[in-house]
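Structure record follows, encoded as structure tokens.
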Amino acid sequence: MQVISEEKAKQRIAKLVAQYFDKCAEEKTLFINLGVGIPTMVADYITNTNIFLQAENGMLGVGKAASEGQKDRNLINAGRVPITETSGCSFFDSSTSFGMIRGGHIDATVIGAFEVDEEGTIANWIIPNGKQLGVGGAMDLVSGARQVIIAMQHTTKKGQPKLVKKCKLPITGVGEADIVVTEMGVFFLENNKLVLKQIAPEISLDILSCITEADFEVSSDLKVMDVD
Amino acid sequence: MQVISEEKAKQRIAKLVAQYFDKCAEEKTLFINLGVGIPTMVADYITNTNIFLQAENGMLGVGKAASEGQKDRNLINAGRVPITETSGCSFFDSSTSFGMIRGGHIDATVIGAFEVDEEGTIANWIIPNGKQLGVGGAMDLVSGARQVIIAMQHTTKKGQPKLVKKCKLPITGVGEADIVVTEMGVFFLENNKLVLKQIAPEISLDILSCITEADFEVSSDLKVMDVD
Amino acid sequence: MKKLKSIQEAINMIKPGSSIMVGSFGLAGYPEKLIEALAESELKDLTIISNDLGSPGIGLGKLLRNNQIKALIGNYYNWNPEVAMANNEGKIKVTLVPQGTFAEAIRAAGVGIPAFFTPTSAGTDLAQGKEIKIFNERTYIMEESIKADVALIRAYKADELGNLVYYKTARNFNPLMAMAANLVIAEVDEIVPTGTLDPECIVTPHIFVDVITAKEGI
Amino acid sequence: MKKLKSIQEAINMIKPGSSIMVGSFGLAGYPEKLIEALAESELKDLTIISNDLGSPGIGLGKLLRNNQIKALIGNYYNWNPEVAMANNEGKIKVTLVPQGTFAEAIRAAGVGIPAFFTPTSAGTDLAQGKEIKIFNERTYIMEESIKADVALIRAYKADELGNLVYYKTARNFNPLMAMAANLVIAEVDEIVPTGTLDPECIVTPHIFVDVITAKEGI
């Protein structure tokens, strides 16, 4: 079931996460780590200047992606994308960088996932016997960041739910997800339960339940997503 | 028994250690940590420029003690003595400093001791119920440095031997001493035994045995100390 | 710029009975004005986590004379004999941790490592009651991380965001403690505009710093 | 100045079957000329310890194509799919370690810590067979340090003693690997006179560096 294009879905997910951060940053400075894919797009929608981006390859204060003439192969983010510096940025080695993450200094990480289940357990690092072999910093990020925000499309390309009852793929972390943002809904893990807080304007609760394997509760304060 | 003055004894001990380092440094660059007291004096006698001093409070390339006009209370060695910088020196935090020590990067540490026994076990940090309360970096240094050189007077002020059969005071490290230098003899720990390598010109082997509680072997290559 | 506070505002954030890390080695690199204000405050029952306790009546030594200290965690109190006296009289509880273990345990707390193994102190009184483990035929002691409610640190310069650089051997434990406490207050000699510190030379990134207070007042 | 060697002299110091750490993150901060010379050498049966393996046929990827690699210890090989292929075919043995654990384990080797506890990977396949321990009601995994025979690192500038500074995100694992190997060879862009690097900004003190080799040859 596809009510909006993949491109639009991704943009919407990134926007919703950015909205959340912009609001949090009204109260306090935020330090955020963005994963590869949709998470990287979040940076394009953040407007609050009280938000600082960390890249686990050793930088705090990551700026926008470098334009063609600016590219420096030794100034990249964790997705190997050439980026720029911001005023007050700093560089450090990988143990300090993951010290920030593991030590609970990073307010939130935004990552993609293959599957997230009802208990907030995440599978996002490997599909067995595939062509990929790598864990990167995913396990450190989900266990270390204060909040783990999953930014993923609601279903796979084949239309299978990604919000499942129980992860079947090798897991990245047990019960670590705090918020799941898809183009169809925004879910918070509260008291070990998935609670729907926002729903897409295009669909009904019935339809959302059909395309979601995981059980979820509906917030008494359910809102329709604020999307343009 | 005192055949030379305390002052001369201390100078001799420092000179003997410096001689040893100067010789070692002909083969390779040496990184050395000097403890408080006699060990600090070693720096005055080193002539080889291939020797670099580390201070565990966070500096490599410690220079001479600062003269009156040069003193900076924020540039000190581990004995709180104002010191100077050398060309190519560097500053780092205490975990990196002790990382150098614990990680086996420091070639030798020179420390004082209350007692050293036949197995190279060292007691140098506390006399129970005394006015002192502190361990400092002593335990890290004896377990971390590649070579542990004890620089101490041969007997206590009351004439008691400090090279003993078995340490009675609380120990700093088990079997960690490699070389013991006193004004009366230079002993190497070899195959878990104390071996006398050099003897003071003023005394005989018999007398040395009398003022040494620990059993020791005599090197077939025993030399008389080269002292001025 | 909300991080910038006066010495007094900063001290007012501390609760009685807190555990407080204080950067210093002897009298090098300690947050002078903060300690002065702490000594003039009503705060008591403090656990002070520091390398040493300065000299008698000087620096951290003031807090002991004021009876503000309940416990000490550190490693070298020979420069302030009043500590051994207070300890012998049972007025305070002193926990000695070898200096290298002390530094590493503070870093560990900062980087989310609850415990690690070190050869330091194996076979000595300071290893009593601690878990041991053999690696490669050598005995190691398990040491737990050391964290605190508050860290009072001293840096040379801060930019407006709170990035810090230090000065010579005044660096010592300060960058480690900046990572290991819930509330990190930095006393600095000078505040410079953001962007003027070299990003390659920043020792403590601003993520670790909650409050900046200038030595000379702001 | 005895530390200064040519790329070839440096590579000649490495024995077949060595474990070799290589600094890099993707293609940022890797010792290009050293890897090139390593790929042209007869050295085989190598265990390469690095974040990733570059891209197919580029950087460390060359060594795989040359069949010089026996085993890999690292964390992210998705940028070079030839690694998964070689692993699936049983040609090489790959040990995956989460990136933060990987970084910390290398530092641990450098600072004499044989093992530490981390929450990372608890409950996952990568924790299988590893010792676990509970601290404060949370499960932690014991991870052992990672050391090597040789470290090939990349720095920006060295002084004549071997003090190193790095360049932006090319720093990554390089300063950690500089502490964790028996033989540390640094490829640098520029060698500057001793005394010209700021002592406050030196990232790797020369005690950790055995050989310096300049990218452009010496």
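First chain written, first letter: the chains are A, B, C and D, and each begins at residue 1.
Convention: a contact is a pair of C-beta atoms (placed from the backbone, for glycine too) under 8 Å apart; a residue touches a chain by one contact, two chains touch by 3 or more.
Bear in mind that the values here come from a model prediction, so they are computed numbers and not experimental data.
S.K.: List every chain that touches both chain A and chain C.
M.R.: In this structure, the chains that contact chain C and also chain A are D.
S.K.: Between B-D and A-D, which chain pair is linked by the larger number of C-beta contacts?
M.R.: A-D
S.K.: Could you tell me the distance, in whole angstrom, between the mean C-alpha positions of chain B and chain D?
M.R.: For chain B versus chain D, the centre distance works out to 35 Å.
S.K.: Would you mind pulling out the distance in Å between where the CA atoms of chain A average out and where those of chain B do?
M.R.: Taking the average C-alpha coordinate of chain A and of chain B, the gap between them is 56 Å.
S.K.: Return the distance between the CA-based centres of chain B and chain C, expressed in whole Å.
M.R.: 29
S.K.: Quick check: what residues of chain B touch more than one other chain, meaning two or more?
M.R.: 85, 91-92, 95, 98-99, 101-102, 144
S.K.: Quick check on chain D: which residues sit in contact with 2+ other chains?
M.R.: Residues 104, 107, 111-113, 118-119, 166-168, 199-200.
S.K.: Which of the chains touch, listed as pairs?
M.R.: Touching chain pairs, listed by label, come out as A-C, A-D, B-C, B-D, C-D.
S.K.: List the residues on chain C that touch chain D in their complex, please.
M.R.: Checking each residue of chain C against chain D gives 104, 108, 111-119, 133, 135-136, 140, 144, 165-168, 198-201, 203.
S.K.: Going by the contact rule set out above, which residues of chain C touch chain B in the complex?
M.R.: 25-29, 51-52, 75-79, 81, 83-85, 87-88, 94, 96-104, 106-107, 118-126, 166-176, 203
S.K.: In the complex formed with chain B, which residues of chain D make contact?
M.R.: So the residues of chain D touching chain B come out as 107, 109-113, 159-161, 163, 179, 194-195, 197, 199-200, 202, 205-208.
S.K.: Considering only the defined contacts, which chain B positions touch chain D in the complex?
M.R.: Those in contact with chain D are residues 31, 52, 54, 60-61, 85, 87-92, 95-96, 98-106, 144.
S.K.: Contact residues on chain B for chain C in the complex?
M.R.: 55-59, 72-78, 80, 85, 91-95, 97-99, 101-102, 129-140, 143-144, 170-174
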